[in-house]
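As written, the chain order gives the labels A, B, C and D, with residue 1 at the start of each chain.
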Amino acid sequence: MSDTLDSRSAWLAEDELAQARERLPMVYVDAVPVRTTPTGQVAEVGLLLRAMPDGSISRAVVSGRVLYGERVRDALMRHIEKDLGPLALPEVPASPQPFTVVEYFPEPEVSGFHDPRQHAVALAFVVPVAGDCAPSQDSLDLVWVTPEQAVTREFQAEMSGGQGRLLRMALAHCSVLP
Amino acid sequence: MSDTLDSRSAWLAEDELAQARERLPMVYVDAVPVRTTPTGQVAEVGLLLRAMPDGSISRAVVSGRVLYGERVRDALMRHIEKDLGPLALPEVPASPQPFTVVEYFPEPEVSGFHDPRQHAVALAFVVPVAGDCAPSQDSLDLVWVTPEQAVTREFQAEMSGGQGRLLRMALAHCSVLP
Amino acid sequence: MSDTLDSRSAWLAEDELAQARERLPMVYVDAVPVRTTPTGQVAEVGLLLRAMPDGSISRAVVSGRVLYGERVRDALMRHIEKDLGPLALPEVPASPQPFTVVEYFPEPEVSGFHDPRQHAVALAFVVPVAGDCAPSQDSLDLVWVTPEQAVTREFQAEMSGGQGRLLRMALAHCSVLP
Amino acid sequence: MSDTLDSRSAWLAEDELAQARERLPMVYVDAVPVRTTPTGQVAEVGLLLRAMPDGSISRAVVSGRVLYGERVRDALMRHIEKDLGPLALPEVPASPQPFTVVEYFPEPEVSGFHDPRQHAVALAFVVPVAGDCAPSQDSLDLVWVTPEQAVTREFQAEMSGGQGRLLRMALAHCSVLP
């Protein structure tokens, strides 16, 4: 965890966090891990299999909260390491400009991005990973799929809460949306 | 205020907000209002004169909190109207991709962007305004300056907390940084 | 036409242009015209019906060449006026950062974007239009469709050369890809 | 050189290229090479010392023409290797979205970006390089400087044709403009 982090406030008691979640939008980062060719073209996208906030098991991108006092790029690195393991060698972007901002709401219909626990505003980045990835902690599995596979009806159906749409937005940004 | 807004939670008691501010990063929007030529080139930037969180009087861009349940673009519109008046006719961008993300910290040295009250993560947008602007509510004054004036030592010295730097970043994004 | 334009070189004889097209990539602008809500959310996309370089009749976005000596934003304005009429009131973006770069090749398979006449590199922008649009000159028709309609199989089938994909990329950038 | 390249047309006779340069805008790529920290923050910028089109010796970023039939990312890789050597290990971005578009004109005053030879439209990218760099071919020298050094009056004075401004735009995009 980042040493710029104020440990006093990073640790928010569970019930306090629950209270805050009913009052304030949370700051999140979403990271779409990709494998690229030597000239940087996206060849494959990495998708986790995980228990989602809504109780379902779903394919999902890397996602997590930015803590009090934490830099966005440190949060990005922390969540990628947590989900893909310490040897993933992510190339966190040099610019803080996200490719999109995802607004998750407790009500599914507001934006199409759904998180039953909270209102979250996520900065979304495409992150090339060059190393060995191993699903860790909360993730049950990790698969790498081509852009063509990622947009199939079967695959999109396995992604809840708008994750399938986010994935297609990332592919569009990288000009590999089929 | 947006009707998608949950009024129950939008109103956070002052002391509860103060508590949350010590525990969680806040979601903000920053808007740099600009006047453009008929082909969209930035001709002038609008700067407010306002009492800043650090107690100083400073030139500043439009800035404010995203409320629980509020869409980012609704927050952007609300804060622009609050600061520039109801006749400003802002052109809120069609894309949620900000030109940068500004990380404000209570400690001035972490990122160079400083807010003594809180850790805030602001989505920053350049917003052309076509109508009549009148400083309202908390703003003491509004001036329109050319990019050349905005980067002068005199002007930059009137902008505290990193506002001068944010302004130059916006000018750079619009390719009018002198 | 822009007065920054060198008239000597803007007028390239047809056979000289044909020769150059076999030797050099051309600079293009692509503009996706949109209607937006008062807070800037994309409600509808404008699509032209036109004779395409490959001889087909296809739905297409606004597109055209940047002339020698011409600024990108002047080219954008010129082609929008040419295709949508002089009363369209386009809001040409304040920033020159395109949402994507489209690479058209004479061979359909290189990038998926196809122009049998030439290799063209197009800077692509989403451009809100607030005024009255009337298809003019080369365009046979103009229709406004919702994002949901634009991605239907029927509609996508009417768009050749990668135009359907470009449209979905624009919708993704604006966070309204269904 | 990319094997997607049509060798027939890549080789344009010198006098033909000279003629085309008086009639058509050229497609260019500009790359700002950077060294980053493990979390991706820009620590240093790489600047070449080279003979410029205007005859001066100037600090400059990597820059070069996109050939007929060549993909933008292949051109980016080719010019980086040409200027920084084959062991630079550049991380060419996954997205084709440039951070800005630079318009070079034969007249210095049109855009502030100047190339006496031609009208060029350059897609500009920030490219992290992880390997060993050695100036090669046309470059006389390569230095790595911090963002603070890069914006000093001394350094900016060594950059002609708008290169100093482009560098500050790249630093602004990466949120490290001092």
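Quick note on the criterion: a contact is a pair of C-beta atoms (placed from the backbone, for glycine too) under 8 Å apart; a residue touches a chain by one contact, two chains touch by 3 or more.
For clarity, every value in this text was computed on a predicted model and none was experimentally measured.
*Asks:* In terms of residue-numbered contact pairs, which of C-D, A-B or A-C coincides with B-D for over half of them?
*Replies:* That would be A-C, since it shares over half of the contact pairs of B-D.
*Asks:* Count the C-beta contact pairs for A-C and for A-D, then tell me which is higher.
*Replies:* More contacting C-beta pairs are found at A-D.
*Asks:* In terms of residue numbering, is the interface formed by chain B and chain C classified as same (over half shared) or different (under half shared)?
*Replies:* Result for this pair: same.
*Asks:* When the C-alpha atoms of chain A and chain B are each averaged to a single point, how far apart are the two points in Å?
*Replies:* Averaging C-alpha atoms per chain gives centres 27 Å apart.
*Asks:* For chain A and chain D, let me know how many angstrom lie between their CA-based centres, rounded off.
*Replies:* The separation of the two C-alpha centroids amounts to 32 Å.
*Asks:* Touching at least two other chains at once: which residues of chain B meet that condition?
*Replies:* Counting only residues that touch two or more other chains, chain B contributes 71, 95-97, 99-101, 111, 173, 175.
*Asks:* Under the touch definition given earlier, write down the residues of chain A that touch chain B in their complex.
*Replies:* Touching chain B: residues 4, 9, 12, 16, 20, 22-27, 66-72, 95-101, 103, 105, 110-111, 119, 121, 123 of chain A.
*Asks:* Residue numbers of chain A touching chain D in their complex, please.
*Replies:* 34, 36, 38-42, 71, 73-74, 76-77, 91-97, 99, 126, 128, 173-175
*Asks:* Which residues of chain A touch chain C in their complex?
*Replies:* The touching residues are 100-102, 111, 165, 168-169, 172-173, 175, 177-178.
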